[in-house]
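Each chain carries a letter (A, B, C and D) given by its place in the written order, and its residues are counted from 1.
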Amino acid sequence: MAPRIATSAADAVAQITDGSTVLIGGFGNAGQPMELIDALMECGATDLTVVNNNAGQADAGLALLIKERRVKKIICSFPRQSDSWHFDEAYRAGEIELELVPQGNLAERIRAAGAGIGGFFTPTGYGTLLAEGKETRVIDGRGYVLESPIHADFALIKALRADSFGNLVYRKTARNFGPIMATAAAQAIVQVDEIVPAGGIDPENVITPGIYVDTVVALGGSN
Amino acid sequence: MAPRIATSAADAVAQITDGSTVLIGGFGNAGQPMELIDALMECGATDLTVVNNNAGQADAGLALLIKERRVKKIICSFPRQSDSWHFDEAYRAGEIELELVPQGNLAERIRAAGAGIGGFFTPTGYGTLLAEGKETRVIDGRGYVLESPIHADFALIKALRADSFGNLVYRKTARNFGPIMATAAAQAIVQVDEIVPAGGIDPENVITPGIYVDTVVALGGSN
Amino acid sequence: MTTYTPEKLTRDEMAQQVAADIPAGAFVNLGIGQPTNVSNFLTADQGVTLHTENGMLGMGPVATGEDIDPDLINAGKIPVTELPGASFFHHADSFAMMRGGHLDVCVLGAFQISEAGDLANWHTGAEGAIPAVGGAMDLAIGAKQTWVMMSLFTKAGESKLVKELSYPVTGLGCVSRIYTEVAVFELRDSKVFVRSTHGVSFEELEARIPVTLERA
Amino acid sequence: MTTYTPEKLTRDEMAQQVAADIPAGAFVNLGIGQPTNVSNFLTADQGVTLHTENGMLGMGPVATGEDIDPDLINAGKIPVTELPGASFFHHADSFAMMRGGHLDVCVLGAFQISEAGDLANWHTGAEGAIPAVGGAMDLAIGAKQTWVMMSLFTKAGESKLVKELSYPVTGLGCVSRIYTEVAVFELRDSKVFVRSTHGVSFEELEARIPVTLERA
């Protein structure tokens, strides 16, 4: 189905309800869907489980969601940064649950959810604290940890351009988690700079096929 | 390392030795590296394990390798076709081993090898003859089979174009197994229509990054 | 309500029924053989997107004449065309799309279906037969809904809808709808509902099929 | 032979040594911090391709002025440039490249390394510390060779090369080479070889390090 074209970021995230699991794209500021995160802040949904590489920076976006205690749990690889003070405070107060995942396992677990894989053996993390309590196995002499897929209700993603069928292209390292997060969420909500007609993206160059995209909002862009 | 630019298909496959495991791309004729397969035929390597979606058709390419009993084992999803008479004869004579794998598991097993995954739980094949003897597990109410990666010594792949760093683009449904096979082989050998200078392929549109490509031969093309 | 028409459905009428049942905007994979014919009855209004497991969404009609391109084929290795908004992807991504439950409907042929929705369509199990599976097992369990098109009876007159499969299974509990020339069935809650009969009455069907049938 | 120079290596000299040791044509990931400095000493002749785990091969130097593009950053979130022949890919593909053993060399910092090549660099394990791992565990075990750059002693004068880790492990048995200001070590066959010493003698080093050292 062609995606819904939302009229605004607020309209795009309107279906996100309390208790949802939300994948949020981006690595640093590159690919971060800032307007969608701000709209999520404004829409009031709380009790969220958020999956992102980090746990918010400074006083914007995800950091504000955490400050307002709207995130009950975060699954991420790198929460501790020089400007992650809102997470730090919530964590030290015991008011946010942290599931720490090596970055590559985080990516592969998201991909597994989208790909219908029930679990996979990864060498990353074997023998470490982050494998404690997890099933392990030595295969051909190498140690592996069994990791499970991360399914989500929603994904918030930033891409460069969509066509009217929801096919997406990204820009440089802003691609990062977007393509896999789109596959792992029941509803993928995407902000783009522009929407072009079907046929406006070469089929050879589509990075995220439209089948994965449910809602698109065009917000213009700085590029 | 920039790939070796071979002077001919024969030169490209010259390192393939007896007993090698060889991934061969293509689905039907689309993406089939016919010149590389012919060169493999001529180079004399025998006792091969071949991974391909099919088991050869008519009197060309892989079918001839099978006819000449150069393939001791084939891993494929669909050996039986109206024109797979050479495979049929070798199989009925007990002169070729067949490992039959559902097509999606075949693809995922090849991807797993390239991605350093030690094994994965797939729902495909659960409860069927093709899961016999394999570990199974019910996860969240759904049955899964544990499948293992398929590593190879060589991959023979057809792409449309390479740059001098080995970055590849494919053409339409000829892409099929090429990108994943390139990642799963110790040596990926690629035939292309043309080789362009570095910078000749937009970094956003690269399908196979050059890191996976070891040997490239330009053979011109019909397109 | 179980509806009735006096004539058996032709193959085209079966394809037409399947096409009419596909929800607007659905992503659909049509298996090789009879299911491929469904595409001829999809309307532009429906906005259905066709997937082919060899790496494409937005597949168009079969290619003819100068449009034939050996690099653009469907899973049956027939040259096809591409529509605006199409996309290409590699085999692992294509089967991830199927296995991950992203296709709405997949339409397949079958040797047998059990009342629990178990499907057999890949292997007769006959002595000396060379097995081949292709994408059958991925298709069977991948889509949100798996529908089957088949003739209801074998040439010997035996029902292909059975209590338990005698052929090797392709996928367990995956079939939710069966289109045949004499009836359309819906499988849910471990029951077999007869949506319509064609050229036979519900009672005649009951007499010839070894599973308990429910009126829809 | 274990070589000797009278002066300790500066940070730039350490980076220079690492750069000189990287094989021509290698695919390399340089970790955040000191390892990033290695790129300043790679020569064009070497033809080394840099990977950044946030989805790029063919990374160029740090971007300045008008070349700064917020969509083109490295794993340290610093704006960088792209070289001809670069490629972009998503996070799962990028970490598959690492985990699958396709990178030749990865250079990392460390808190501690054991004589078996176990690496600790992600977590001090200190009370109240907020753990963060990022790509450290993927990098440690992913590349064909993992090299470490660090000062050999803590501020308190304790050796970071130890018999067994006291810090939480990042990856087991993964480190094959250690570059420090006073010595370069090669770890193989469960032994620690001293390739060179700088400003200290082999014997002085032996006295300060709690593992058995071998002459190279």
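By definition in this document, contacts are C-beta pairs under 8 Å (C-beta built on N, C-alpha and C of every residue); 3 or more make two chains touch, one makes a residue touch a chain.
Please read these numbers as outputs of a predicted model, since none were measured by experiment.
Undergrad: Hey, how far is the Cα centre of chain B from the one of chain C, in Å?
TA: The separation of the two C-alpha centroids amounts to 29 Å.
Undergrad: Quick check: how many Å separate the C-alpha centres of chain B and chain D?
TA: The answer is 35 Å.
Undergrad: Residues of chain D touching 2+ other chains?
TA: Answer for chain D, listing residues that touch two or more other chains: 56, 82, 88-89, 96, 98-99, 142.
Undergrad: Name the residues of chain B that each touch 2 or more other chains.
TA: Touching at least two other chains: 108, 111, 115-117, 122-123, 170-172, 203-204.
Undergrad: What topology does the chain contact graph adopt: line, ring, star, complete, or other?
TA: other
Undergrad: Pairwise, which chains touch?
TA: A-B, A-C, A-D, B-C, B-D
Undergrad: Which part of chain B faces chain A closely enough to touch in the complex?
TA: Against chain A, chain B makes touches at 108, 112, 115-123, 137, 139-140, 142, 144, 148, 169-172, 203-205.
Undergrad: Where on chain A does chain C make contact in their complex?
TA: My answer: residues 1-2, 111, 113-117, 163-165, 167, 183, 197-199, 203-204, 206, 209-212.
Undergrad: Taking the complex as given, what residues does chain D use to touch chain A?
TA: Within the complex, chain D contacts chain A at residues 52-56, 69-74, 77, 82, 88-92, 94-96, 98-99, 123, 128, 130-138, 141-142, 168-172.
Undergrad: Can you list the residues on chain A that touch chain D in the complex?
TA: Its residues touching chain D are 27-31, 53, 77-81, 87-88, 91-92, 98, 100-105, 107-108, 110-111, 122-130, 143, 170-180, 207, 223.
Undergrad: Across the complex, what residues on chain C touch chain A?
TA: Against chain A, chain C makes touches at 24-27, 47, 49, 51, 56-58, 82, 84-89, 96-103, 142.
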